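What follows are several structures.
Here chain A shows up in two complexes: once beside chain B, once beside chain C.
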Partner chain A sequence: MTTTTEPRVPEASPSAPLISVRDLSVAYDVARTGKRLIAIEGVDLDVHEGEFVTVLGPSGCGKTTFMNVVAGLVKPSTGTVLVDGSPVTGPGPDRAVVFQDYALLPWRTVFDNVKFGLEMQKELRGDGWRDRVQEAIELVGLAGFESSYPRELSGGMQQRVGLARAFVAEPRILLMDEPLGAVDALTREVMRDEIDKLIQKTGKTVLFITHSIEEAILLGDRIVVFKSHPGAIKEVIETGLERPRSERSVQHDPRFLELRDHLWDALQGEATAAAVSK
Partner chain B sequence: MSVTSATGTMRIVRPRRVVRRDEAKWTWLLIGVVAAILLVWEAAVSWLHLVPEAFLPPPTAVAASFAQLMVDPAFWQAFAYSLTNVVIGLVLAIVVGVVVGLAVGWSAALRFTVAPFLWLLYSTPKVALAPLFILALGLGSASKIALVFLLAVFPIILNTMEGAVTVGGSLVNAGRVYGVNGLALGWKVIFPATLPYSLSGIQRGAALAFTGEVLGEFLGGTGGLGHMLEFAAYQFEMAEAIALVIVMVIIANLTLLLISTLRRRLAPWYDDRKIAGAS
Partner chain C sequence: MSAFLASGPNLGRGGGVAAWLAGLSPAGKAGVLAAEVVVMLLVWQVVVGVLGWINPVFLPPPTAIWQGFVQLVASGVLWPNLLISLQAWLIGFVIAAVIAIPLGLLMGTSLPVDRVVGPIAWTIYATPSIAYQPLAKAWFGFGIGPVVFLVAISALFPILLNVAAGMRTTNASIIRAGRVYGATRMQLYRSVYLPSTVPFLFAGLRQAVVLATIGMVVAELSGSAIGMGALIIKSVNTYQTGQAYAAIAIVMLWSVGMAQLVTLVERWVAPWTRKGRR
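Presenting the complex of A and B:
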């Protein structure tokens, strides 16, 4: 898609949103207490093709539940999620997920783990899939590690495998659940910039869950801020920063500082509220 | 080692492998200790006559008996009989144990209805059931195979069950996201993820399997190593009895070695985590 460095302000295009969430709620019955726990309530959100949306919120605010509903892993209690106009009834090849704990199969090599992204798609018939797997591995910078096992790789490299597995499926939407949450701080910065460039290059639509304010600002076209108890959208902010962004290039940008202060206040209020209610 | 990534170059260092450098040193120490014990034993019986030879024959007599057994066709016949029963019983226990364990571990409905009975049976002293088996199934192989199965199957079921419950929710989610459902999910994700747990259950089961066989032969048998051991003891052939016990120890340990080798081969990620605490 677009490779320009201009901020991709979601145009008020007449085209329908790729993801459309309306009045979404998810509630669980807690067997132990007999109470009904509301994970998220009344969520409305539209995401357009090619948009990078970061979802920011404190732990336990239901942002992962929200992503799981879009992924088709969790059924909504009320409300609808439409992807490209059709309601989500389960996982589908149009959406791929990158997990916080990588979720790689430890008995498979890097190559075979990436292949898992194509496992149930019919493409495994011919031989073309080999090239696709290889391309995805090269895309995330793991060439040369095809026959390594996940246990032989660092956390950052394991998540690269997770990314390649998602990319190989050629989904329209990438759902990332705190993909860098378990990665060490230095690798985290490097990979954040790489993910940014990969997404700009491939033009995927992304829903990126994080609890890092910097990550949310640096990656997102828009930031969706979640509040807890019950989980719901507190506000949606357009970042409006130029790409490519890096921590260095933006750290003196007044817009970045303004966003950071604003989000910091918003999250601090949430974190305090969460701590008090527990 | 460095790889060029999509956006630049970064250094990537492979984590160290587990090296067992100290093991040779400990092996020699162990050999020394065993040699010392044998020497004291020989001295106490043959030279100092502290213990009557009839009760505790010296190591040299046991070794001579052992050598005799190795060329005795009757021994090899008993050996084949016992081992056949153990292998049949154990294979049945592995198949049933893994299938039942996976099913009970995976299905919440089964876990709440069947698992309590499994734990109840597991905690029952199954040795107490041995006479019933002999009565019901006779003196032949059937009662021995049943005992081997009964003793071996529970650790396999319960370990597999625990593994299936423990299998990460995110692995299952990853399977579902990429369209792997139903039986394919079981075969491609849950079974391999549970395999190391099953194998450690099989290891415990195998250790008990031989106990089951010998117990069955003691209580009422027509052949086998246990039967031969009982006969030797009645005849006061202590050297032969001890030699037979040594044979059993060797068989049991070779079985355990075989299974732990198998586990390292089939599930290296599991061993690594246990040994090195690798992430």
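Presenting the complex of A and C:
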């Protein structure tokens, strides 16, 4: 841990955080049982520009709800979320989401799926958008598949379309909801490294939801560990590993092993607690 | 005829005939179907025509049915009956589609409309169309009117209910993706809800074709002087069962042909639904 890549150390950044979450809670009324379900409670988090934050937790811990609030898809019950100093009141062009189930439009080709975000944002004036769409497709390695339908692509390739659609909208913040959760193990590893490179290259701020310990360590500058019932932040850990990281380069790194053991213990306790309370 | 061959999950394991059938090209599948028809006609001919196991007045052999067809054409009886039936079918089907598609879209969009129209629609759909036949005669007299009515009421509900279901089952994840990129309600409607309803619309139209043909024949079976249903009854009453079966075969071919036409239009309008290999 002698070297660190330049502006990626949040405490060293004197500027205001890009995302600022204060005392955030989300609760739903469950119509069937008539009870009020607390999805997340008392979440505080600051994310600085250019930071890659992974959010790790067992399923059902509210990490996706947390992301949806930042995305503007879910309204907070209490607390505030500021993006670049302004409260989030809904989705906006400064944020794009990559979904676990890809959320592609099956009736659109790859090209038209990537164009979808721009189209909804009414950014299709002029001709420049075609080049932007094409660039994004090439960025994610899908050149040659522009006129394929999602059904004709593997899961990994479909998620590349999802990534291209998010990148082409040029958001400051990328919100990724277990983007690799539905792809096979090998593809997962390859794509994890590619996402890492893409983010380093484009300098986006990322909130990356995952339940994979390795993914959280390998991608994150910081790891936010969630606990369940109710969903809340259990701890926040700086990874402090050099980039670029790959599974091979870090697997004997003592810091990696230490983090993995620590997170493993933290999550196992959570998973057991979740199983008992069900 | 691919619409009539199984395309669902193949639960049989391994190979043999099932694997061979599954691997056939469209031309190969058509060949298998043609062979099946030829074998069936041959067996039929031998059992009834050659061996005489069944009284041909009840079940004439294929050659007698062909003779019946030739007689119907030569005597000039077929065309006026066929034309009046197809006219009633087409008018009734268009009326059904024109009412069902917009109403289905409205039902799928608005919960109050769904709650009001839905139960009534299901009740009428669940009633056998033959029950309306005497009433239709009373309401619309003895011309084409009652036939159009029975065709329309038979075709209306499968279209209506499928379109409504298509709207309601639009993938929530795709809707979220639209919202993330700031889609307006109109944009969501046009770019997400409508295209995702298209396969349901065509499924409804295919069912409607079959039910419309049933409605047509039922309407013409009694109290009608003209039409394919009337022709069937007249032929049976005069013991010309060859002609009766020829008339039934023509109705069957119309029904199958229109269902195929719907499938062809679907492939053209909605190429993404085509079942292809990866």
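In this section, the second predicted complex is superposed on the first by the 269 of 278 C-alpha atoms of A that agree within 3 Å, B and C clash if a C-alpha of one lies under 4 Å from a C-alpha of the other, contacts with A are read in each partner's own complex, and residues count from 1 in each chain.
Following the convention adopted for this analysis, contacts are C-beta pairs under 8 Å (C-beta built on N, C-alpha and C of every residue); 3 or more make two chains touch, one makes a residue touch a chain.
All of these numbers come straight from a predicted model, not from anything done at the bench.
Asker: Looking at the combined model built on chain A, do chain B and chain C fit side by side or clash?
Answerer: Because the two structures are overlaid on the shared chain, the partners are seen to clash.
Asker: Looking at the overlay, does A:71 come into contact with chain B only (first), chain C only (second), both, or neither?
Answerer: both
Asker: Quick one: classify A:268 as touching chain B (first), chain C (second), both or neither.
Answerer: neither
Asker: With both complexes superposed on chain A, which partner does A:157 reach: first (chain B), second (chain C), both or neither?
Answerer: So A:157 only meets chain B here.
Asker: Of the two partner chains, chain B (first) and chain C (second), which one does A:144 touch, if any: first, second, both, or neither?
Answerer: Only chain B is touched by A:144; chain C is not.
Asker: On chain A, which partner's contacts cover more residues, chain B's or chain C's?
Answerer: The partner that reaches more residues of chain A in the superposed model: B.
Asker: A:59 contacts which: chain B (first), chain C (second), both, neither?
Answerer: neither
Asker: After lining up the shared chain so the two structures overlap, which partner does A:95 touch, if you call chain B first and chain C second: first, second, both or neither?
Answerer: both
Asker: Touch check for A:197: first (chain B), second (chain C), both, or neither?
Answerer: The first partner, chain B, only.
Asker: Which parts of chain A are touched by chain B and by chain C alike?
Answerer: Residues common to the chain A contacts of chain C and of chain B are 71-73, 91-93, 95-97, 99, 101, 103-107, 116-121, 149, 151-152, 154, 165, 169, listed in rising order.
Asker: Write out the stretch or stretches of chain C touching chain A in their complex.
Answerer: Residues 171, 173-174, 176-183, 187, 191-192, 195-196, 198, 270-272, 276, 278 of chain C touch chain A in their complex.
Asker: In the complex, go through chain A and note every residue touching chain C.
Answerer: Going through chain A, the ones touching chain C are 71-73, 91-93, 95-97, 99, 101, 103-108, 116-121, 149, 151-152, 154, 165, 169.
Asker: Can you list the chain A residues touching chain B in their complex?
Answerer: That would be residues 68, 71-73, 90-93, 95-97, 99-101, 103-107, 116-121, 138-145, 149-152, 154-155, 157, 160, 165, 169, 190, 193-194, 197-198, 201 of chain A.
Asker: Please output the residues of chain B touching chain A within their complex, sorted ascending.
Answerer: My answer: residues 1, 3-7, 10, 12-15, 168, 170-171, 173-174, 176-181, 184, 188-189, 192-193, 195, 267-270, 272-273, 278-279.
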